[in-house]
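Presented below are the structures under discussion, each in the form of structure tokens.
Next, two complexes with chain A in common: one pairs it with chain B, the other with chain C.
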Partner chain A sequence: MATLLRYTPLLIVALLWELISRSGLVSQQMLPAFSDVLRTLVELAQSGDLLSNAVASLGRALLGFGLAVVLGGALGAAMALIPFVYRGIDPIVQIFYPLPKSALIPLVLVWFGLGDKSKMFLVFLGCLQPMILATFNGLRGVDTILGWSARSLGASRLEVVREVLFPAALPQLMTGLRTALAFMFLLMVSSELVIATNGLGYLIGSFGDQGSYREMFATILVVTGLGFAADRAFLAWSGHLLRWRP
Partner chain B sequence: MMRLLARLSPIVVLLAVWEGAALLHLVKPFLLPAPHVVAGRIWKDVISGQFEMNAALTLYRALIGFAMACLIGVPAGILIASDRFVRWFAEPLVSVGFPMPKIAFLPVFMLWFGVYDVSKIVMVCFAAVFAVVAAAEAGTRGVDKFMLWSARAMGAGRYQLFREVILPAAMPQFLTGMQIALPVSLITAVAAEMLMGGAGLGGAMLAAGNYADSPGVFSGIVQTSVVGLVAVAGMTALRRRLLRWHPEFNPR
Partner chain C sequence: MTGSSIGIEIEGVTHGYTPRSGKPTVALDNISLSIRPNEFHALLGPSGCGKSTLLFLIGGFQKIQQGRIRTARGDVTAPGPDRGIVFQNFALFPWKTVIENVRYGLEKKGLKGSEAEARAKHYIDLVHLTGFERSYPAQLSGGMQQRAAIARTLAIDPDILLMDEPFGALDAQTRRIMQEELLAIWRRTSKTVVFVTHDVAEAVFLADTISVMSARPGRIKRLVQAEFNRSDDPHIHKSPAFADMVEQVWDMVRDEVDQARMQGH
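Moving on, here comes the complex of A and B:
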């Protein structure tokens, strides 16, 4: 009930959308009525087009994301714990920091062509940086005294990492993961709008080009819903993981 | 000086390995053109004015959209923070809008505003506004209650309260929001150009990619980064200037 009340404003916006479209203030071409878009959404879902393209998009994106989490986490940790690695990698991370990752779309097109690999690699590159920075900053921010105390109490190096450093860095790690998740959706859609032969971003672009605006709006709703659901689920999960925090 | 050189050495090594690999034909020049080729291309673009024109176009689109996002976002954030009804209405909209990949709306804006600059600028504004709103809201909410109460007790009206108390007290957070929104604006402008064409840094890169002109792609990436770096540095300088009076820049 409380959730319903909380999200009433979304219903109001949907209602306004319906009214504006039905009233003829703007043409149905420019803004198809919300109810029509929903009906089209159901049709698209039943035809299976939506599912197969969503699977293609999310499959690529999650692979790139997962790879970035593993590799970025490992690199960030190595930078935080081993000074030599830090000196070697930090300047390179720093010069790539201001580089907008969407600018790499033409590059991955040249390198990998139109297939799955180009989008996977782009998502990987985009998510890598927030993961490296979050892991590095998280581990760096841990009070050194915590580590020393654990050592003097008889913890092994591995135990210090697992029982002290990791939990202490977890809040920062979760923030980095959330940023990376948002980047994943952004790069997934923008790269598919430019270079792809399937996927949700490709669907949006091609429906728009064909003038199938109901279908275009329906797909945008799906992408928005997916992004929102992923973010909420992530927040719930991270709240659960960090529930020990004051 | 020596320390700076030592810090830069990994980059020099990276460039040297890249140049060496290109000289020895370890990689196809098509996939990875040598650094000197890319540098030559950038130089050529600068001399011919191509770079300046594209950068100016992209900056124009990005900065107008960014300014609109600030003009809409800061007042909206203050309103959300200070009015319960507005907050109730806007909070779910912001929480849906914040994580969504905004670029998905580009085809909608193309439909509504045509294929020229207006749709690109609206796209930039839409992509950047959420960060500004969120920061402005957090900043306004963080203003010390006692300051507000004191000002009110001394007879400040709504406008004075805003001008003399909220604006200065929340300024650091407003600027933080803008500092997040500026790179987002640039990225969005470049991405919109890549999708829609119309020259600019993104349009030039897309054209280079489509003609399989890899030095063009690489020099475009470098040019975009440089423009981004300069814009971000400018924003940092602006923060420093606007917050001269703030303890942030007057450490004791």
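Moving on, here comes the complex of A and C:
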């Protein structure tokens, strides 16, 4: 009941969408009616096109994401724990910080071509930065006294890193992961709009080119739904891991 | 063997802080102090006089800049479970429950399973936290967190116990109970205790010796023998001798507090 109440604004938006489209205020092309889009969505799903393209997109994206989490986490940790690594890497991270990763799409196309690698690489690049920063800031922000506490209870330096620094940095790490997850969806779709022969972003682009606007809207709904579901699931998991927080 | 003849030997320790911004501070100025084994030693002094800094140095958490600190195990160079500490801000692991916090040090000692569990429960009971074993620190009051931190440190049974205002967050009644509990443990297990407090009566009640420290830079101004802690009179704190001693120590502290205030503390 509470959940229903929470999402009432969404229902209102859907209703408005339907009304505006049906009223003829805007053309059916620019904004197909919500109910028509839903019907098209079901048809697309039944044809199997959605599933195969979603699998292609998510497969690539998750690989890029996973790689970024592992490498970004390792780099961020090395920067936080080893001063000379920090001095070596920090300027590079800082320079690339304000660069929108989607600006690199044309370049990546030249480097990696149309295949899976180009999209994986772009997602990887987009997710890398939030992971490095979250790991670095998370580990750096841990109260020194917590580490001292563990040492005086008999922990070694290495145990302090594993048993104190990482758990204490977990809230920040989770925030970084969540940001990376959002970037994953963003770069997955935007890269496929430009360079792809399959995937959800590619579907959106080619439906648009063909003038199949209902199908295009239906695919956009799918991407939105996937992103939302992933974020919700992530938040639930994160809330469980961080249940010790006030 | 020097083992039994020294508790904590502090020789000519000077310590300064140079923050990235703000002016450098001399926190401790040439401190020398000899603490006997099994002595209960109280550090009393105005805020900012370097009490915590001195505990951090004995604990081995900060590098000794000048001078030397020795215990029965030799020169202090790093932290170790022979010197347990209760920090001023408790420093519990917030992602662990009370019992997991207490078990942490026990597991480092190699205790496992039901043995660690039983020992942890014993110390949790000692600080009157039974029923809160599965609570996370954020779910406890300040005083309860402080008691959990005390249990965690007592559980590893260190030779030297460093306590930084361990009863600061407790109400008067709980405070008295904890003081008596601590004295009982100290008598039973013969530990060397360094106990930081602002409370003159607490220092007089607990300590063999009280170091009265001066305002910045921190120096040891006076050493006072109290030794009411050896008495088995439960109403010792109501005796005239006790009241006299509190008055006497108060006079020494008052000068220092006034000085500290003039320096802007």
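Note that the second predicted complex is superposed on the first by the 246 of 246 C-alpha atoms of A that agree within 3 Å, B and C clash if a C-alpha of one lies under 4 Å from a C-alpha of the other, contacts with A are read in each partner's own complex, and residues count from 1 in each chain.
By our rule, contacts are C-beta pairs under 8 Å (C-beta built on N, C-alpha and C of every residue); 3 or more make two chains touch, one makes a residue touch a chain.
Remember, it's a predicted structure, so these values are computed and weren't measured experimentally.
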item: Partner chain(s) touched by A:190 [first = chain B, second = chain C, both, neither]; value: first
item: Touching partner for A:245 - first (chain B), second (chain C), both, neither; value: second
item: Chain B versus chain C as contact partner of A:48, first or second or both or neither; value: neither
item: Which superposed partner A:24 touches (first chain B, second chain C, both, neither); value: neither
item: Partner chain(s) touched by A:167 [first = chain B, second = chain C, both, neither]; value: second
item: Which superposed partner A:10 touches (first chain B, second chain C, both, neither); value: first
item: Which of chain B and chain C A:151 touches, first, second, both or neither; value: second
item: Dominant toucher of chain A (residue count), chain B or chain C; value: B
item: On chain A, the residue positions that both chain B and chain C contact, one per complex; value: none
item: Residue ranges of chain A touching chain B (in the complex, touch as defined); value: 6-7, 9-10, 12-13, 29-30, 87-92, 95, 98-107, 109-111, 181-182, 185-186, 188-190, 193-194, 201, 204-205, 207-208, 213, 216-217, 220, 223-224, 227-228, 230-231
item: Chain B to chain A touching residues, read off their complex; value: 6-11, 14, 30-31, 88-93, 95-96, 98-108, 110-112, 183, 186-187, 190-191, 194-195, 201-202, 205-206, 208-209, 212, 214, 217-218, 220-221, 224-225, 228-229, 232
item: Complex interface listing, chain C residues touching chain A; value: 56, 59, 61, 78-81, 83-85, 87, 89, 91-97, 104-105, 108-109, 136-139, 152-153, 156
item: Chain C partner contacts - residues on chain A that touch it in the complex; value: 143, 145-146, 148-155, 159, 163-164, 167-168, 170, 243-246
